[in-house]
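Labels run A, B, C and D following the written order; every chain starts at residue 1.
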């Protein structure tokens, strides 16, 4: 009896996910065909922010925890890659180890460090809930931000340039096409992971806790540890996105971890739709592309952008994913009738 | 999503397809949105004014300006620069006002073979070790205005100074520049949070330290807040304010008002400059934009005319990069600053003046030139630059 | 004493100046259905909340199966075998009926740090969950979301969740609250079936149901148990009549 | 530091705190009663400052500016509330954040289109431009005026909320929403009035900040963040909490800047907020049980 519901939800999740990934995978070919390699750079940025937004949505949409410190984790990932590359380029050892420009080493390092920091930050922040959680995570984000500015050795407010060539094991990923597909693979992995997690036993506890904590406690589960685990998973994936951003643009700066960037990530998630795993990916794409297109039209683009956001949130309850699903449903409905 | 990107592309294609053949393409990347948006507009207005006077040509060729907004964020600036270079195929980039954006953008732009002729940001990295054959700063090196003020106060024999700046690299550069020439006693050196609103606490500390003068670098809104509050605390008469022109120019003076009158600024250009090029520029700018130009606008105006003069000297063939570089290095043009030439690191050698804020005939606060501080001032990083041939 | 499943000893709880629970002592025997009745505001729900662990008492002890659980948090008491159905329905709006029961089953089976397998297609969860849902008569609605359930169905689901926990002691806080007559009769029949398998503490205003279901009844007035006894004893007790039934 | 310097810095801290209280009062009540996170509160502050600066530029009267600014901010607040924001009272916090975030962008840019890019100027009236002697410290008269005005408004607000029928309703609303709506009041009307009153206070804070700070687009966001910090430290919905937290934030921020290194000074209030919330997860004076 549970099967029909499951199949329906699989259709709802798997088909759009595959469509998104396929569309993205095709962009470099489109770029080549029409001779505009810049599209690949935009697509890479879309993919990186999509990873962060999907990861953030694991706690926002499914855990009910609106975190404003994810830009901090984004930046931590970026700075791990940047600082290791700096030590590699300047041939200066970092404590006991030498620097590296190999993502095969710096990505795990970013994962490890962000997991450790997220565990501490999460353990403290999860004592609170609702708007208080929002603000305590904002406080931590500010601490990360000012912490990065205090890194004078690594450029402080000026940011950190990556001068060396970034590799992945023996593979040189400084080629934009290769790098794009690397980022896309990480996005696919993120969508798969989050998609499995939310439907697992873990996900059931997380989702139930976000809507009715009392009920979850009453059946014998303390949500705290589950929330913490979700927070850490989400932070780690976001840090990976940040690491990719730094590697891709060969640059990381404190601006990449400001609180407004945290806000942007939340906006991407909500804009796309927090109710489905792939929603935030659409939100990230809309955000990045709209910003680019509108700002090339007029210096007053933020006026249009702001009104568009208001319009979307007024008319669509589930974000852009809602629109996509409605269109999809109508089309298949028409097909049936026709 | 693919559709979205594709349609974005088509739209921008439509806008660029109509341009006539062979224009000079200049990417103007600056901050146009958010609180920093004023500076980008100031730079663009100065740049556009020069182009209009020139019949919208550079080196005798039509010119196409591709505008980009960096939102004061390095990664956004980087993306906009990528677009300019890869899609719009710009040959020259200018306009950048924040050092951190410049540092994120310069390397890929230069790697792609574009020229950067900065109309504002002049980070020490590109004046020194990272100097590049295709990187020119037509404006200034960040530290130099502060060096001039330090030199002035040193020569004048002022004994005790109190220094204030925001806690970010440019703030540290400015105070370091000041200390490079000022050897008197520094009774306080305070770095405040970038974007701080209220300076009551710092001003109270200044009063308690009772220095002979305060040197401050607060660009934009921070400067407005600081000067107003300093004046309200009643300190301006007893402890004079000294700053680089960026803290006291026309981007902030109208908002500060009378509170700034009596403060001193070191400048490479001021609206009261008495040379024909400068007078013509100020009059034209005021007529067109209904406000007095700032040194930033003057720099952007000079930048456009400098590029034009260099391009003209080689018959507009800027595609010959070696020739264009040579032309820029030896450029001769009628600068609003009076004297202008490039040093070996492609940063300017220029004169610095002491100005005092006074009210002009219409009661508006302006920078009035009092004396020349230094002739042919060079930046401190030129020795670190091993310019490639 | 082996047949006592729950012992409450001199429990105290105050809110500001109000003594919601005042020197309350009570023993519940294994297998019995023990009803607690009392006028509105007597402190019944406050008492249940302290048994479940959502509220911490100011003083006194609670012993489950001879083990002092006074200091245990609510989730651990649930694992020790206390299940509660809420007076005001407490569900997850976008979970289906079956999801709710499955959540209770997975909580009973140990930790839920299992990230990969789809919980909705896990027979270890679905089979016992479906059993609980069938027990309360919601089999035909198992895929309906909680927010689409009628009030009566939501009350049934509350029970299904509690049953799926396979508890040693069921705390039922007004399971018939807000139900019409027909639903009420069905619920009474359901409870009659359940009392064969579980020890139950029942709070209920429907006196007909209470007297037909309860093995023993305690009367709670102003946070204190004034009387405990078999239904027929309580029915005729003059103190109880005066305090509660009299008007 | 000498005693007089400490006194002066404390005065500075309290003065900043009073400004923050004016900002936070409306924010915390709207948040507590309508359960609405109003990020446009900073924009209303900006609108107040611009309205004040424009009034002064047109008439030369600072007093008139002080009167006009709260009215314009209230009008703008009411317009926002009735046309857009009231639909979001029952919705998820995330939707509220998104709609107010979009509104901030549009409002900021609209202000820029109307007033241009150059920051506006507000002059002090001669009577307030000097300084007064407080225990040997020459303290700016205008800052003292802000302090006194703020304390008067805080006092009045306290009286209204603690002593009047409206205040009773507001308190009930902040601690128990269903009861409030069951009290048979015209709920939409009272919500709008409350929103408007909060907007007026934000506008008042804006115009009072005008002579001290630069009146420019984007001035609302930094103060919004501080007001949110105050709201949360004090406990959402609690006026008393907002007052205590505002003073605390004002003093800690001021002293932190003076006593700590720049990086730590910038972080001081955020470290304080994290520490307070870690031990009191619902703020210092939680209004909801």
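One rule holds in what follows: contacts are C-beta pairs under 8 Å (C-beta built on N, C-alpha and C of every residue); 3 or more make two chains touch, one makes a residue touch a chain.
From a predicted model like this one, the values you see are computed outputs, not experimental measurements.
Participant: Which neighbours does chain A have in common with chain D?
Facilitator: The common neighbours are B.
Participant: Taking each chain's centre as the mean of its CA atoms, which one is most distant from chain D?
Facilitator: C
Participant: Taking each chain's centre as its mean C-alpha position, how far apart are chain A and chain B in Å?
Facilitator: 36
Participant: Approximately how many whole Å separate the CA-defined centres of chain C and chain D?
Facilitator: 47
Participant: When the centre of a chain is set as the mean of its C-alpha atoms, what distance in Å lies between chain B and chain C?
Facilitator: The computed centroid separation for chain B versus chain C comes out at 74 Å.
Participant: Check each residue of chain B and list the ones that touch at least two other chains.
Facilitator: Touching at least two other chains: 33, 37, 41, 167.
Participant: Specify, in ascending order, the residues of chain D that touch 2 or more different other chains.
Facilitator: Counting only residues that touch two or more other chains, chain D contributes 109, 112, 263, 266.
Participant: I'd like to see which chains touch which, written out pair by pair.
Facilitator: A-B, A-C, A-D, B-D
Participant: Over in the complex, which chain B residues touch chain A? Could you list them?
Facilitator: For chain B paired with chain A, touching residues are 1-2, 4-6, 8-9, 11-12, 32-33, 37, 41, 67-69, 72-76, 78-80, 82-83, 86-87, 99-100, 103-104, 107-108, 123, 167-169, 194.
Participant: So in the complex, which bits of chain C are touching chain A?
Facilitator: That would be residues 52, 54, 73-76, 78-79, 83-84, 86, 90-96, 98-100, 102-104, 106-108, 112-122, 125-126, 130, 142-143, 161, 165 of chain C.
Participant: For the complex, which residues does chain D have touching chain B?
Facilitator: 1-2, 5, 8-9, 12-13, 15-16, 109, 112, 117-121, 123-124, 129-131, 138, 140, 142-143, 211-219, 222-223, 254-255, 257-258, 262-263, 265-266
Participant: Could you list, by residue number, the parts of chain A that touch chain B in their complex?
Facilitator: That would be residues 20, 23-24, 26-27, 30, 34, 36-39, 41-43, 45-46, 149, 155-159, 161, 245, 249-251, 253, 255-256, 282, 285-286, 289, 291-293, 295-296, 299, 301-302 of chain A.
Participant: So in the complex, which bits of chain A are touching chain D?
Facilitator: These residues of chain A touch chain D: 60, 66, 124, 127-132, 134-136, 138-140, 142-143, 146-147, 149-150, 259, 263, 266-267, 270-271, 274, 300, 302-303, 305-310, 313-314, 317.
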